[in-house]
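Please go over the structures that come below.
Look at the two complexes coming up: chain A is in both, with chain B in one and chain C in the other.
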Partner chain A sequence: MTFLVRTKQKISQFLRAFFRKRSSRIGIYGPPNAGKTTLANRIVRDWIGDAVGPVSEVPHETRRVRRKENITISGVNGHSITIDIVDTPGVTTKIDYNEFMEYGLEKDEAVKRAREATEGVAEAMHWLREDIDGVIYMLDATQDPFMQVNIMMVGIIESRQLPVIIVANKIDLPDASANRIKSAFPQHPVIPISGLEGDNVETLYEKMTDYFR
Partner chain B sequence: MPHKCTQCGRDFEDGSATILKGCPSCGGKKFLYIREAQRHDDVLEEKSIEAIADETKQEILEVKPAPAKEVEVYDRIESIRIVSPGSYELNIEKLAQSDEVVIRLGKEDKYMVDILSMAKKKKE
Partner chain C sequence: MIQGVQIDLISAERLDKLTAMEKIRLILDDVMEGNIVVLEKGLAPDEQSRLIEVTMREIKPDGFSGIEMETYPVKDAPGFFGRLFGGRRAETRLTVIGPANQLKMIIKDKDLIRAWVSSR
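What follows is the complex of A and B.
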């Protein structure tokens, strides 16, 4: 009898594992120091009370793709979605260890950081190609959005027909302009937030529940 | 009405596209617009082109050399370029296409091809 019960459990477990729709993987992409990990940490803390990774003002703090699974987000509209949040290393076209030395890193450490950051970009692009169902493209609203890397990345995301929400981050800073970002990417929704202060993140959650279903 | 090369005096028919690339005889980049009547003044009256320019108050036209074209990012074959140890240039277009890694070393066209990354089985 127990044998039968156990077999039945095994089979149903197997079937569940097999047919369960995996939750959508939402990748947070963007140039270095846009605040990707800060936002990932906020999302994860708000909904499951955990954290994704450390943040710092030195670019390329995140050099490996990090993932938190099964986060259920609800908007005030009552919709909710379950997603995996994938925090990615900042994508850039140039990485030079000298940049890190300006932040006080020793040469050896800076060279190592540059090498890891390069691997990180390759890993982020690998994920984008195979494992991502939707993208939050993060931009620092105090910076020029018309950088070549942003245009290229949004183009790549569009060519893969992935839904993308553009986040204009750091709106708590005085020279931030979410409008400049909106005019750069009029074809996508742009949500201005402050990942650090938590300003307007509810709007982002609501947009996510609508957009990534 | 024609243009004259200020360097060698060669003249070109009006609207000639040749001058856009510089004078084919001497490589000069500056041309003066000359009225038909004065077309041969430089030879017949032994005036310099500059003198004619002063006389006619025409501005000398300078053809800007076409900027040396750098290879566009998307035309590059390498996915990563190692400029020097610890300094990298990433071709994210290439990285977005596949995992196959071609590395370019330094400024010259020296490449390293990661055969292992190309031998990996493609998913689907």
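What follows is the complex of A and C.
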């Protein structure tokens, strides 16, 4: 079965690449605070010396989809790809402004942040349906990967037959377990990294050049 | 009158007759009234994607704060042709959806979902 799925993916990737002139748009998706913008910043800084957006420990710091175009990534395997990196707001099924007030935000600011966050999640889902060619699904390796939102999102990505790399982020933290993530999603490649420290990002780049071609 | 939380168990037959947006409206209208919805058969991935999007548009400060949702893992489509053409597009399974501020999942296992529900 794996062989058939892989073959189908390869054919669809080939057809997409053959008929498309533009760069592939690779969306970085995942729950809030998984480190999506930290990774997006690292990729963009490593390859074009720029940044995508600010990061924060308060959830939903990223509330708009942001795209950086024409980033050429090379792997040690000699392959290279030119892609657009699309950083997205953390996907969730619930947003309560009271959660932001626990981080010290005033009510007005928290309500505004919640409203922008809901718009951002809706926007991210729209992009996934219409404009994304491949996905890096970010997970915080210290958290439970079996959360319903992760199961749902990976199912949605699979149903669209998009190539997906799962990133087990924050492996520099003591409670991190990339194996827990591998057992949750055995059908996809899982790359353990620390987006903050830069640990193992070379392996991710190499996998991206293979997987998103 | 009995006090408590209303639980609506919706059959697969009833869901099958509805379009994607009709299903989403049925679920969200029910959940926004403070009810728990149990679907005999879950939503397709594309419907789940739209459910997240529409849920986000319904969230209001000091009002509806979103949904809590749990479902059993999907089963792969049976048979050779199912696997060939469907991949992991599969049998969706029993799904519980409720207001995020009233429904809390306690245990989720491959064959058990245990939830706690509070009244508004």
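Rule of thumb we're sticking to: the second predicted complex is superposed on the first by the 193 of 213 C-alpha atoms of A that agree within 3 Å, B and C clash if a C-alpha of one lies under 4 Å from a C-alpha of the other, contacts with A are read in each partner's own complex, and residues count from 1 in each chain.
Going forward, contacts are C-beta pairs under 8 Å (C-beta built on N, C-alpha and C of every residue); 3 or more make two chains touch, one makes a residue touch a chain.
Computed from a prediction, not measured in an experiment: that's the story for all the values here.
The superposed arrangement places chain B and chain C in clashing positions on chain A.
By the touch criterion stated above, A:Glu130 is placed in contact with chain B alone, chain C being left untouched. In the superposition on chain A, A:Gln187 contacts chain C only, with no contact to chain B. Contacts of A:Gln161 after superposition: chain C is touched, whereas chain B is not reached.
By the document's definition of touching, neither partner reaches A:Leu173: not chain B, not chain C. Taking chain B and chain C in turn and counting the residues of chain A each one touches, the greater count comes from C. In the superposition on chain A, A:Met152 contacts both chain B and chain C.
Only one of the chain B stretches 27-35, 45-53 or 81-89 carries C-alpha atoms that clash with chain C in the superposed arrangement, namely 81-89. Comparing the two complexes, residues 91-97, 111, 114-115, 118, 121-122, 125-126, 128-129, 148, 152, 156 of chain A contact chain B in one case and chain C in the other.
For chain A in complex with chain B, the residues that touch the partner chain are 91-98, 110-111, 114-115, 118, 121-122, 125-126, 128-130, 148-149, 152-153, 156.
Those residues of chain A that touch chain C in the shared complex are 1, 4-5, 8, 91-97, 111, 114-115, 118-119, 121-122, 125-126, 128-129, 146, 148, 151-152, 155-156, 158-161, 187.
Chain C makes touch with chain A in their complex at residues 44-46, 48-50, 52-53, 55-57, 59, 61, 65-71, 73-74, 76, 83-84, 87-89, 100-101, 105, 108.
Put simply, chain B touches chain A in their complex at residues 73, 79-80, 83, 85-93, 95-99, 101, 123.
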